[in-house]
Amino acid sequence: MVQAVKNSWATFKSIFTGMGITGRHLVGPTVTLQYPEERATLPKNARARLFVNMDDCIGCTLCAKACPVNCIDIETVPTTADVDLGKTSTGNPKRFWLTRFNIDMAKCMYCDLCVHPCPTNCIYMEQEYEYSEYDRSNLLYKFSQLSPVEVDDVKAKAEAEAIQKQKEKEEKARQKAEEARLKKEQEAAEKARAADDGTGAVPAADAAKAAGTAAPDAADAARVAGTAAKPAPGSPSKQDDTQNPSKGEA
Amino acid sequence: MNETLSSMPFLPALLLHAAIPLTIILVYALVAIWAERKVAGFIQDRLGPMRVGGWHGWAQSIADLLKLIQKEDIIPADASRFWFKFAPFMMFAASYAAFAVIPFSSGYIGSMVNIGVFYLLAVTSVLTLSVIMGGWASNNKWSLLGAMRSAAQMVSYEVPTIATVLTVVLVAGSLNLMEITELQSGNDTLGFLPNWLIFQNPFLITAFIMFFISILAESHRVPFDLPESESELVAGYQTEYSGMRWAMFMLAEYADMLLLSLLGATLFFGGWNSPFGDFLAGPFWGFFWFMLKGLVLVFVMMWIRWTLPRYRVDQLMAICWNILIPLSFVNLVLAALWEMIF
Amino acid sequence: MDLAAILFYVFALVTIGSAAVVVFSRNIVHAAFSLMFTLMGVAALYVLLYADFLAATQLLVYVGGILILILFGVMLTSQGYTLNFREATVNVVPAGLLSVAAAILLIYAFSTGGWVITEVDERTDTVYDLGMMLMTDYLLVFIVAGVLLLVAIIGAIVMSTRLSVNTED
């Protein structure tokens, strides 16, 4: 009986305590903001939408590598010798054209991991959080400042330069081979001169043969280098992401 | 008002007479649903509905009503069509019919029958049946479970309700709610308190506490809202209902809440009597005081709803059968003894 | 025809119609729900006879109590709550004989009995009269009924507590 009275006392006490708490909240202030009319000021380090300051980007792709969900898609083309892209505001030289810099905000999970590795601090979160879209493809943000024409231009230039370099290399290799041949011929001639005159014809033919095999070797090496160099600037030139959002995922 | 009506031709007078409580219920339901959401909002430090109608979203319930009217009336393929359609209307009819004996003011009561409270309790017991009907006809396990729970709960809690009401009837000596109210006029308990029954007899205070707990259970309010617990039974017997039929259930529920609160106000807090004696008395002010008292009880119900968690089924039954029923009968006997001695 | 007569016929029709549904329905739950209308119709007929207390009791006890217990029982016990009864009639001959005998008896009683038609007198103090009669003329019956119910309650408590003791141990 005493226990029962105690129990009911405890029950009523806890009920009234609870009602006291809810009652205080009932008359207390509310924390709601009437959203479209009122907006909260976000804290400085709020993560909302990524922004890339392209003037400072050096195309190092560190951010793309850091992203755990692969939503940053970067394509770079090395600059040709005749252009100088200048330096970033932090003093790093820029050596790449950024022909593509896409961030898929539909995939982004706001982890902020891409922000910290950037050597020039040019990728960061903005305060903008109202960017919902009806079409998911509209969430693919393109930061590259080059127009398609310019991209083609730059790529063609880079390719031309690559071919040019290749040719120079080939030329060098050829010259080297030539030199080697000449050297060998000279040596052979000297040998022949040093030996008897009658036997001189055969080593000369040998030396010529040796030079003949050396030259195709150099040509082969050039060809191999050419195929290795070619696809790198060539293949991405076909991509055009404006029409096909699924490319970004591919 | 009863006098004015009796001079009119019979049928229009009857309809007008019947329309008064209906209007009160409908207006009250619109206000109460909005108020409930506001109370919920403020208790949770939110604002609640704010958009429709300007000031604090006061027209939200009207907008909801318009939306509900436009909704498709979906009847599940395997439901028992007739009973499924019928249940919400019977539920509302039952709680509406009970308003006939509520004295809204000194000038208006639906029917001056002698068995007032008894009639009210009898008619509201039909509510249980309509809940079972809706739950069974939906042909859905949750609905049926909700219906069974409601049947068990309402049949059980009817006993303490009746026992506590009986305590009041015993003190007042009448079943007619108008007479019970008239008995509580005046302001001379201990010199200053109004003559409300709750101040008349110490055992009526305990009776009121038990009565309030029982009506919480009878009107399916938290912490006794097991028949329609959203989180476990997906709203119980209402699961399959949509559109206006669901709205009828809702309306009946809120009407029931008001009915039982008004009953409590009549039985314990002097009905339409002004708390200041003759000051601000009269038929109109009587209505005002009466609704105020009822709405305060309704507000307390809302307050409790947003404070307490839900009981388990066995706890619910244990509270009723182990505590409320024995206590209410003991209380009845003690109140009778008090009346005999003093 | 005055309003009371119209109401009488309406409620009589409701009572008989729903009673027919109770008998002929093959779904036991439908039958139980129809029984509600029968009981309500009877309650309404009581009201027309100025027996308002009886009508309210009828509602409270039968609709609010017994019918709900019936439904409870039906839903808890039968396998599947849409149990169909067998349509075929069994024991046609004895049943036919019995009903013919009952019909003859009823018709005979109806045609030969003298029907006293009295105007029901309007009462207002039913509760008071009822209480007076229960406490004076019918006191013994009242007490016996009370004792009977007490016995039933004690029996129920004994049964249920024994059951729960068994399950707990």
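For this structure, a couple of remarks:
Letters A, B and C mark the chains in the order given here, with residues in each chain numbered from 1 onward.
As a working rule, a contact is a pair of C-beta atoms (placed from the backbone, for glycine too) under 8 Å apart; a residue touches a chain by one contact, two chains touch by 3 or more.
Computed from a prediction, not measured in an experiment: that's the story for all the values here.
Fewest steps needed to get from subunit A to subunit C, stepping only to touching chains, is 2.
Set side by side, the interfaces A-B and B-C show unequal numbers of C-beta pairs in contact, with more at B-C.
One finds 86 Å separating the Cα centroids of subunit A and subunit C. A straight line joining the Cα centres of subunit A and subunit B is 69 Å long. Mean C-alpha position of subunit B lies 28 Å from that of subunit C. In the complex of the two chains, the subunit B residues touching subunit A come out as 39, 41-47, 50, 303-304, 306-308, 323. Partner subunit B is touched in their complex by these residues of subunit C: 3, 29-30, 33, 36, 40, 52-53, 56-57, 59-60, 63-65, 67-69, 71-72, 75-76, 81, 124-128.
Note for the complex: subunit B touches subunit C at residues 10, 80, 83, 113-115, 118-119, 121-123, 125-126, 128-129, 132-133, 136, 144, 148, 151-152, 155, 158, 175.
Listed in rising order, the residues of subunit A touching subunit B in the complex are 8, 15, 18-19, 21-23, 25-32, 34.
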